[in-house]
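Okay, so subunit A shows up in both of these, paired with subunit B first and subunit C after.
For the complex of A and B:
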């Protein structure tokens, strides 16, 4: 009798434990994430409807309706910045993708020394973005840079270019640095995808008389498609939001020729102390990313 | 039969050679900038400001390193970075382990929303969160403090570590925990005595990963740590760059020094790098 009671009590305790425990486990994360991300998220949206300026006390509660959005949408610089961001994202991702795909395919071959290559190719991932920016600034130098030297020696260019000061070149030069810094991540991901393709699929294709190219089209590509789409989505989001390299090397200049949405929002907030307009830029860019992601996910059917 | 084999044998080395050729080009692209960073840090100025690049220093010198240690704030910035990175790592790994366990092992109401929210944070630009966070931290007098920067670093370290730990627990068999429960061990006991020790390698990888992320971070650091004595290494080197224009030797020595800790962790982290980031996303 007593035994049965104990058993019932302990099973009840266990049920409570099972109901409560997960919430107990995630509560620190939830509390921190609400304070550190959710409240700021709402606050940023609220700020974009105010006249919030760090130098005007009380302005953070003066609501101005859609004024900031209207001003921003009438600002030709803002469209230039949006265009820059899109060009930066598309250009750097296209090159990254080409390099990463070729690299991953080569690294997936069973040849001697491949592990050494693998380690080397991944190294830029652990170089801090600030370091990457400074290293490449030296490589791009308009007087003593290695890149200018190589371009003139090989005859590809007749004179030394100021890659980071020339409005026509600056965005593409910065994109190359992003390619260098962020491709390794893509390579590891694609490599993981390639290695997950079962060997017997290749064997079967070989038996059916498929050549290398056909095996690539019919086995490899469909095999890495799911992971490729996810990696690509993350990369698009991260490059669209990119800040470090651009801010350190050009600060968005010359003019606004290399400003991206993140650097533009940051400049409003911390150079002009206009937090309202800064938030407005950030909100618009987030909305654009959400729309982009929505269509991307729908088209590629990741989920 | 024989003839086709012959063709195969003739073709294979060609393809192999092509693969090596591709690998070497790609390796040069990824390795050369790092090589250049290290080499430049040992060069005297006369071998840096020259039209024809000097591939191997003719008169290697330690002067740039001496410069970094005597004329810059490297040591103080190094300790600022260490404190912030360790704080982020401790909080990230701890919170990540428990949340990751809950996501992997329990079904509970709100689980889906919680997972989607974690993914959604990836999409939010850093600047978006930074502006309100800066104002909030300022009103709490937490700007220019290690704690303040640690809190902002948690905005990206937490989602990463939770996903990584969820992925790691997913890869561990549940049998042992279940048999512990059958033997009368409490659920909490099963977690603490059975699951956590098994997850130790995953926790270590997650911790190192948080460390690397925090160590590299620039945007939050440059904003929250505005005063000179609170700067972290990335902020410090960017500031150093702006006053020591074209002192490439010392700048590259600084950069080399700040890269060393992450390089050391790299070997261990390599295999975990992608796991935590994509495993969650694919299953989510």
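For the complex of A and C:
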């Protein structure tokens, strides 16, 4: 009887250990996620329906319905900012992806000194964004910048350009910095994907008479597709929310020609103390990113 | 390999709730074991709540410690400030602790500290932020403390309060008094046969700039970077007898951008870039660093800058003496002017040591020691006595010499006009409306008329939203 009770108790304990304990272990992470992400997220949504402005006492609880959204959607600058963000995201990701794929393929080859190259390739990623911004500020300098010097020496340009002050060039210049800074992450991810492709698939393809290009199309690309999908998703989210380098180098200017949704939201909230409008911009951008992600997920049919 | 186990939603929720309950119990236990000090919360604003303790805690040894936030971090400045801190500690037996932030991060860090209830006792601030934070009820009005210490106010120049007040209350003690000037390269003007002392009007300035402009040399680039445009534009308004806003009735304002004076100022600047091409269009991307490089190399012959700019150049090249300054010339509707600003040392509302914090503010801005603080960036104290000590060399110069200081002070006292920040929405008007619109105008993307209309409309909308728009 006693033995049966002990047995029952220990099986109950085992069940608890098996069923509940794992959840208990992950709960700190979940709690942090709730505190640091979900609560601020819900608060941002709530604030976007209020008149919250630090200069107006009590405004954080004064609900204004959809007023902030209507104002923002009637604001032509907001559409320019949105367009800037989309152009910046597409341009920087496309270039990043092409460069990273080529670099990852090269680094995947068994050549001497490849580890040194892997380290060098990672360098931009580990440089702090502020330092990176200052380096590029010097490189892009319209009077003494190295890039201008190289462009004129090689005959690609006849005059020195103000890359960060020209509204036609500024967004692309910033996108190039983002490509330089964040491509290493893509390269590392793609390299991991490439290394996971079994060698025998290439050998089988070779036996079947597949050339280099066909092996790339039929073995490499399908092999890295899952990781490529994840990396692309992350890149879209990160680039859409890109902030540091843009804020440091141009502050969104000249005019609003390099403002992205993140800098625009920040400016409203932390420069003008208008948390309601800042939250509104953030929520709209979140909705857009969700829509984008939804269609991307559906189209790729990976999940 | 076995399949990963599927997540049971109900158990997952139970486990999460259990953990939340544990944390709540822990937090409750912490509160029970550490009862809060009896506090009084002033419920006037959403983020910045003010806690006034019933007792004034001190360090275990019985020595009070005050915490200072300072937006100054280059090595020479920090060293000078640390020396002064030590002197203060020695004289007053009050400990000090300083947190330095670079200017670009200063504002956000102060806001964060205020919102988190970790406000320091003293904040070093510029006039624009004074108004913003006073409106948020984050600063302690100093009127009572000044009344208790009448000797402090007597130190400063008459009228000093206009740089440190908001809605009739004084919120700071003044430091780093400076104005703006037209800087010029002496030898280049001399070579071109231009007498800088004869530049009295905008037309004189324009003619000189045209004469000085040639391949690789700009006559008058005025920096128009996002962070600096307003500082440049301000002198054009002041020298043409106008300002950004006009107070039509008490506490109610209207934009001045529909007046002829402002139109002339905008047109003058746009013409410098587009019509006369005495400044490059990329000037919208030029900040202090670009102007400094251009000025040092002679690519910029004249420019408008504040007093610190000379020290900024001298830090880069200690032998650079081929420069001088003149007052900003008069526009068609105004007279020569120098838009003057001061920084403030302020006591926060949340300070637990207001008396001690006030003493520190008085010390660092006062006639005895203030000069050691301001001389680092070439600015002046707001005290006649302190400035006299600077002139007499009692306080040693770091970058400027007597001749330079005399010239700066002469212009400042003769032509200085206080650059006031009458309302807390000032940043939003300047950074959110005027700067991007004028940048686009300088780049030729908008006409002057369009720009003025946009600025008037948006500014008045914003003033109306804040309940500060005056009737026409």
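One rule holds in what follows: the second predicted complex is superposed on the first by the 293 of 303 C-alpha atoms of A that agree within 3 Å, B and C clash if a C-alpha of one lies under 4 Å from a C-alpha of the other, contacts with A are read in each partner's own complex, and residues count from 1 in each chain.
Keep this in mind: contacts are C-beta pairs under 8 Å (C-beta built on N, C-alpha and C of every residue); 3 or more make two chains touch, one makes a residue touch a chain.
What you are looking at is a predicted structure, and each value in this text was computed from that prediction instead of being measured.
By the touch criterion defined above, A:162 lies against subunit C but remains apart from subunit B after alignment on the C-alpha atoms of chain A. When both complexes are overlaid on chain A, the residue A:143 reaches subunit B and subunit C alike.
By the document's definition of touching, of the two partners only subunit C reaches A:56; subunit B does not. Using the contact criterion defined above for the overlaid structures, shared-chain residue A:272 touches subunit C, although it does not reach subunit B.
Touch criterion met: A:135 reaches subunit B, while subunit C stays clear of it. With both structures placed on the common chain, the touch criterion links A:230 to subunit B but leaves subunit C unconnected. By the touch criterion defined above, A:251 reaches subunit C but does not reach subunit B. Once the two structures are superposed, subunit B and subunit C can be ranked by residues of subunit A touched, with B on top. When both complexes are overlaid on chain A, the residue A:32 reaches subunit B alone and has no touch with subunit C. Applying the stated contact rule after C-alpha superposition, one finds that A:122 touches subunit B and leaves subunit C untouched. Of the residues of subunit A, those at positions 19, 23, 26, 28, 30, 60, 143-144, 248, 270 touch subunit B in one of the two structures and subunit C in the other.
Here subunit A touches subunit B in the complex through residues 14, 17-19, 21-23, 25-26, 28-30, 32-33, 36-37, 39-41, 43-44, 47, 60, 99, 102-103, 106-107, 109, 111, 114, 117, 119-132, 134-136, 138-139, 143-144, 146, 149, 180, 183-185, 188-189, 192, 212, 226-227, 230-231, 234, 237, 240-241, 243-244, 247-248, 261-262, 265-266, 269-270, 275, 278-279, 282-283, 285-286, 289-290, 293, 303, going by the rule given at the top. The residues of subunit A lying in touch with subunit C in their complex are 19-20, 23-24, 26-28, 30-31, 34, 52, 54-60, 77, 141-144, 162, 164-167, 170, 248, 250-256, 267, 270-274. Interface of subunit C with subunit A (complex): residues 8, 11-12, 14-16, 18-20, 23, 43-48, 104, 107-108, 111, 132, 135-137, 224-227, 280-286, 290, 293-294, 297, 299, 424-425, 427-428, 431-432, 435-437, 439-440, 442-443, 445, 466. Residues 15-16, 19-20, 22-23, 26-27, 29-31, 33-34, 36-37, 40, 48-53, 91, 94-96, 98-99, 101-103, 106, 108, 111, 114, 117, 121-136, 151-152, 154-155, 158, 162, 186-188, 212, 215-216, 218-219, 223, 233-234, 237-238, 241, 248, 251-252, 255, 258-259, 262-263, 265-267, 270, 273-275, 277-278, 281-282, 284 of subunit B are the ones touching subunit A in the complex.
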